[in-house]
Amino acid sequence: MFDLATHPWMRGLFGDDHLAAIFAPEAEVKRMLKVEAAWTRALGDIGETPDAYSVADSIEAAQIDPQDLQDGFARDGVPVPALVKMLQAQLGPDAAEWVHKGLTSQDVMDTSLVLALQGVLRILLERLQNLDESLDDLQRRFGTARLVAFTRMQPALETRVAETIGRWRHPVPRLLTSVETARKQVAQIQWGGPIGMRDHPNAAQLGVAFARNLNLTDPGRSWHMDRSIIANVAHALVQITTAAGKIGEDIALMAAIGPSQITLSGGGSSAMAHKNNPVKAEALIALSDYAGTLQMSLTRAARHEGFRSGRAWTLEWIAMPQLCLATGASLVQTALLLESINGLGANA
Amino acid sequence: MFDLATHPWMRGLFGDDHLAAIFAPEAEVKRMLKVEAAWTRALGDIGETPDAYSVADSIEAAQIDPQDLQDGFARDGVPVPALVKMLQAQLGPDAAEWVHKGLTSQDVMDTSLVLALQGVLRILLERLQNLDESLDDLQRRFGTARLVAFTRMQPALETRVAETIGRWRHPVPRLLTSVETARKQVAQIQWGGPIGMRDHPNAAQLGVAFARNLNLTDPGRSWHMDRSIIANVAHALVQITTAAGKIGEDIALMAAIGPSQITLSGGGSSAMAHKNNPVKAEALIALSDYAGTLQMSLTRAARHEGFRSGRAWTLEWIAMPQLCLATGASLVQTALLLESINGLGANA
Amino acid sequence: MFDLATHPWMRGLFGDDHLAAIFAPEAEVKRMLKVEAAWTRALGDIGETPDAYSVADSIEAAQIDPQDLQDGFARDGVPVPALVKMLQAQLGPDAAEWVHKGLTSQDVMDTSLVLALQGVLRILLERLQNLDESLDDLQRRFGTARLVAFTRMQPALETRVAETIGRWRHPVPRLLTSVETARKQVAQIQWGGPIGMRDHPNAAQLGVAFARNLNLTDPGRSWHMDRSIIANVAHALVQITTAAGKIGEDIALMAAIGPSQITLSGGGSSAMAHKNNPVKAEALIALSDYAGTLQMSLTRAARHEGFRSGRAWTLEWIAMPQLCLATGASLVQTALLLESINGLGANA
Amino acid sequence: MFDLATHPWMRGLFGDDHLAAIFAPEAEVKRMLKVEAAWTRALGDIGETPDAYSVADSIEAAQIDPQDLQDGFARDGVPVPALVKMLQAQLGPDAAEWVHKGLTSQDVMDTSLVLALQGVLRILLERLQNLDESLDDLQRRFGTARLVAFTRMQPALETRVAETIGRWRHPVPRLLTSVETARKQVAQIQWGGPIGMRDHPNAAQLGVAFARNLNLTDPGRSWHMDRSIIANVAHALVQITTAAGKIGEDIALMAAIGPSQITLSGGGSSAMAHKNNPVKAEALIALSDYAGTLQMSLTRAARHEGFRSGRAWTLEWIAMPQLCLATGASLVQTALLLESINGLGANA
C-alpha cells in the first residue's frame, strides 16, 4: 500500500523496474483484455460465432483508462464488470454479445494473474542463473582465502572462503527447480463461470481452446477457491528471499567482525564518515522478514469459504504482487551486494 | 510495495487520499526539511549561531526533487546524507555549517515520522468520532428491530438490532482513548546524534528548543533503538482494524443469512445480476488480516541489535506507512459500508 | 501443542515453573470452580437463594478429574457444560439448581482466564523489578568500562558500557507501567449469559456481587466478543519479549565480536571444546520471534463474528497461555544470561 | 509451550495420540540413540573399528532418563553433549571412543528430526487416503441432493452437493503428492561435523554407510544452515491445514445457513440446549490459522547466519513439532467432522 517499487528514493534499495512494469495498472488492463480476447477467440474456435477473431482483435485494441475502473471496483469489489461494460460500449451491440460470454470475473482476473506470474517467474529464473554465475566468479576470485567460520555467533574453526560461498550457492539449483516447477504448475487457465461449474455444452473443447490461445494449459476444471498453485508460487518466492536473506545475514555479520572476513564498498553515514554500512545486506534481511509476513497473508488468503471468498481473494490481491516485488528486489540487491564485495577472507 | 492507496482502481476499496497525502514523497521531503530547519533554529535558540533563523528559513524554502535522493538512498540506506548534501550546496558554504550539525540521519527520519504520525492519528481520531455518530444514527433508525443473535455460527436467541450495533459501538471510546494516548506518547523529538548520546555541552536546552520548534516534547534522551512508542501506535492501529474487521465479519455473515438480518446497496457480479456482494465488508476483513501481518513485521522491527539496526529500521519503513494506510482505508470503508445499509433486522 | 514449559530438557531454556503451575489443568479446573462458586455466592448476595454460601463451598470442594472433561470438550468445544454436569451430580438436585444459573460457558472461562492473567502479570511485574535491579548491579560493576558502540552492524564510536546497559534498562519503567495498566484493565469479570445481554432483573447488583467475590471489577456489560483487554495484555507481553530479545541480540553480537565487548560463562559444544555459545541470548531472540507469531494469532483471535466466535475463541486458547509462558521464560532466561556475564567492555 | 496434544481435555479437539507419541521425550531420546548407533556402525562399516556393531548395540540399549538432560540443555543449548557424556559413562572408556566420533550435535538432532518426520508424514499420508475415502462415501450418500452455492457470502446458484464435496476432494491427490515428495526429499542424513565440512578421509563412504544404516539417503554434503527441505515439509503441512480449514469454513457457514445446507450431530451449549455448534469445524479453522503463524516462525527459522544459527535452529525446535501436531489434529478432526454429518443439501 506504499509503493516501494516506484517510490522516488526507496526504489533505490527496494525497487525492481522489470517486475514493477508487470504489475503496472496499464499492464494489468492489457492482460485482462488479452484474456477476454483469448476467450472470444475460443468461442470462435468451437464454432459458436463466425466473427470471434475480429471481435477479439477489437477487444485487444480497446482503450481503457485504468482510472475509469475505480468506481466499478469500489462497487463490485472486482474491476471486471466495469471493464466489460466499457468494452461492450466501445465494441457496439453486435460484438458485445461475444464479450465475456460464459466467464465470471474471477476467470478473467485469475488467468490474468497467471500470465503476470509467468513473466515474473521467468525473470526470477534468469536472475537466479545470474546469481549462480556471480557466486562462481566470487569463488574463483576469493575461494582459497582463509576465514574463520562462525557457528552460534562464535568463531568456530578456520576454513576457506570457498566454504562460505558454497553455502550461498548450494540452494540455487533447488531454487531454480522449485521456481520452474511452480511456473509450469501455475501455467493454467482459470475457467469455471459463476460458481465454477463450466456450465457449457462444449466445455472440454472450449477450455482447451481458451488455454491454447494463451499458451497455457487447461486443468479441466476451475480452481476458484483452490489456491494451492498460488501458494506453491508463494512458497518458491519465499525460498528465494530466505536464501538471499541468508547472504545478507552472513555479510552483515562478517562486516561486523571486520576486514578479516569481508570488505565492502558503499554505505555512508551522515554523522560518521569512517563508517561503511552494509545497507544492501540489511535490506536483504528486511525483505526476507517482510516476505515471511506476506506469506502469512497468503496462507490466510488460500482458505476460501464457499465457492468464492471475497475476503480471501481480496487479501491475495494485496499480498501476492508485493511478494513478487519483494522477491525481485531481493535478487536485484543480492546482485549489487555481491558486486560490492572488495575482499573476502584473508590470504595467508 | 504495491500501492493500493494510489492504484487507479484498487484505491476504490483500499484508498485513503488524506493519509496517502501525508506519506507522499514530496510531503516526506518537506517534513525532513522542516525538521532540519527546527534543529538549526534550536542551535540559534541556545546562542550557537546568530543567523540560525534565516538559515532555517532557507532550509524550509529549499527545492529538493525526491527523485534526486535515489542514488544516495541506495548507497547510504537512508535518504538524509544525500538530502543534507544537496541542501548545503543550495545554501552555500556559510549557511551549510549550520545544517544538520550534531544530528544523525535517524534523528531526522524518526522526528519526521513522528510528525507524520501526528497527522495520521489526528485524522483517525476524527474518523472514529464520525464512526460513533454513524453508529448512533443507525441505532436510532434500526435499534428496535428484531434479529436473531448468532453465537458460534448458530442462531442463538432473538434480540434487538440495538444489541448488535451496541457491540460495534462499544470499542469506539476505548479506541479513541488508545489512539489519543499513543498520539501524545509519540509526540517526541528524536535526537541523539551518531550513537544516541546527545554529545553536546548544552544538550538539555538544545533538546528542549528543538522540540519546542516542532511543537513536540523532549523525552530527554534518544530512542533510536527503543521503538516501543512506535509499537504502541501500531497496536492502537491494529485495534482499529480489528474493530472495523468485526463489523465486516458481522455484516458478511448477516448478508449470508439474508434480509431478516441485513440488506445492503451495491456489490455487483459480472455473471449473476441478482447478487449483491458485501464487498466492503469483505474488504474490512482482508484489511484486518493484512494489518495483523504488518504488525508482525513491526514487532520484528522493534528489536534492534546494537545502537541502531539497519535491518530492523528498514523493515519499519516498509511496514509502518502501510499499517497507517490500511487503518485509514479501513475506517473509510467502514463509513461507506454503514451508509450502504438499507435495512437491519425485521420489524415485528 | 508441544509443551516446552514441562518438556524434560527443553524446559532448561524455555521453562517457567511458576507460570506453568498457573496453566496446569488442575489449576484451571480449580479456577473454574472458584468462578462458579463466586457466582453462586453472588446469587445469594442479591437474595436469590438463602443457601448460596454453603452451595458455593461445596462447589469449591468438588473433586473433578481434568481427564473426565475430555469427551465433553470434544463434543461441546468448551469444558464447562461437562464440568457443570459433573458438579451438579456431585452436589445433588437441591444444590444443582444454584449452579451456573444464568451463566454461559464463556462467562466462566473468560473470568477464569482473567484470574490466571492476574497471577501471571503479578509474577512478571516482580521479575521486571528484579531485572531492573540486575541491570543496576551490572551498571555498578561494569558501567565505566569502555566499549565500541555498533550501529548498522559496524563499529561506530567508543563509549562506556553504561550506555549499553542504559539502553537495556530504559524500557523497564515503561514495561512495568504497561504490564500494570494491562493487569488492572483486565481485572474484570466476564458475565453476559447466552448472548451477552445480562438478562436478569437485578443484573447490576448481581454483576457487582460476582465481581466483589472474586476481587475483580464489574465493567457493567459483557465483553464476549470484544477481546481488546486481552489484546492489550498480549501487547504488553510482546513488549517484554522484545526488550529481552534486544538484550539477546546485543549479547549475541557482542559475543561474536569478542572479549573486548563481553565474556560469558557456559554454552558448550559437542565438537568444539573451546567454544562458549551464547545459548541464552539466542533463546531470547527465538522466544521474541515466537512471541511475535503468537501475537499474530491473537490479533486474528480478537476478531469475533456475531455474538461469539468459536473459531476466534479457540485460537485464543491455543495462543494466549503460550504467549504468557514464552514471556515468562524470556524473563527467566534474561536473568540467567545477565548472571552469566563475566566481563563487559574493557578497562582503560 | 502449552501442550494441547496431551492436555487432559483440550486433546479432545486438538490431540493426536499417534503424532504425540513420536514427539514424546522418551521417543526423542531413543531416536538420538538410534542415530548415534547408526553412526558408530558406519565407522565400523568403513573399517575404522572392529567392535563398532557391539558398541552400537550398547548405545541403543543405553538407559537415558530425559530428565537428566535438562541441565546440559540449559548450559549447551542442545541436549546432545550431555547425552553423549552419559552414554560414554555407561559404555565405559573403550567403547566411549567410538561414540559420536566426528559428529556434531546438529548432525544428531537433525537426523533424529528426519526420522521423526518420516513417521509423521507416513501417518499423514494414510490419513489423507482415509479422507479421500470418507469424501467418496459422502459423495455416494449425498452427492445428488440440491443445495445453493455461496460465492462472496451470498447465495449464488443452485447446484448439487457433489460440487461442494468435489471441491473438498480435489486438493487431496495434490496433497498426497506434495507430502510424499516432501517425505522423500527430507529422508536424508545430516552429517557435517563441527562446521559442516565432513572432515574425514573416507567421507564419501562414511556418509553412505551412515545413511544406509538408517534407511535414509546421503545428500553428499551437510545442510546445517540450509533448511529448505524442512521448509518444504512445513509448506506441505500447511497445505493440509488449509484444505482441512476450508472444509471447516464451509461447514461452519453451511451450519449457519441451516438444514437446507447441512445437519450435524454433537456440539452442545451450557446455556442453550437447542443449539448444535459446529465445534469441530471451528477447531479446523483455528488450527489452520495457527498453522499459518507457525509457518511464519519456520520461515524465520530457515534463515541461518553463519555456519549454524542458534537463534534460528532454536525457533525451529519450538515451531516444527507443533506444526506437525496441528496438522495431525487437523486431519483427526476432519475425519470426525465428516462422520458427524447427518445431512447435506435437500432432496427435491
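As written, the chains take the letters A, B, C and D, and residue 1 is the first residue of each chain.
Here, contacts are C-beta pairs under 8 Å (C-beta built on N, C-alpha and C of every residue); 3 or more make two chains touch, one makes a residue touch a chain.
Keep in mind it's a predicted model, so treat the numbers as computed, not measured.
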* Partner chains shared by subunit B and subunit C (touch criterion as defined above) -> A, D
* Asked: Comparing A-C against A-D, which pair counts more contacting C-beta pairs?
  -> A-D
* To do: Please name the chain that ends up farthest from subunit C once chain centres are defined by their CA atoms averaged.
  => A
* Asked: How far is the middle of subunit A from the middle of subunit C, if each middle is the mean of its Cα atoms, in Å?
  -> 40
* In whole angstrom, what separates the CA-based centres of subunit A and subunit D? -> 29
* Listing for subunit B: what residues touch at least two other chains? -> 77, 150-153, 156-157, 194, 252-253, 267, 269, 272, 277-279, 282, 285, 289, 293, 296, 300, 309-310
* Asked: Across the complex, what residues on subunit A touch subunit B?
  -> 1-14, 23, 25, 65-67, 69-81, 84, 100, 103-105, 193-194, 248, 252, 266-272, 277-280, 282-283, 285-286, 289-290, 293-294, 296-297, 300-301, 309-312, 314-315, 317-319, 321-322, 325-326, 329, 336
* In the complex with subunit C, residue positions of subunit B that touch it -> 77, 149-153, 156-157, 159, 163, 167, 170-171, 174, 194-197, 221, 223, 225-226, 228, 231-232, 235, 238-239, 242-243, 245-246, 249-250, 252-253, 285, 288-289, 291-293, 295-296, 299-300, 302-310
* Would you pull the subunit C residues touching subunit A in the complex into a rising list? => 150-157, 252-253, 255-257, 267, 269, 272, 275-279, 281-282, 296, 300
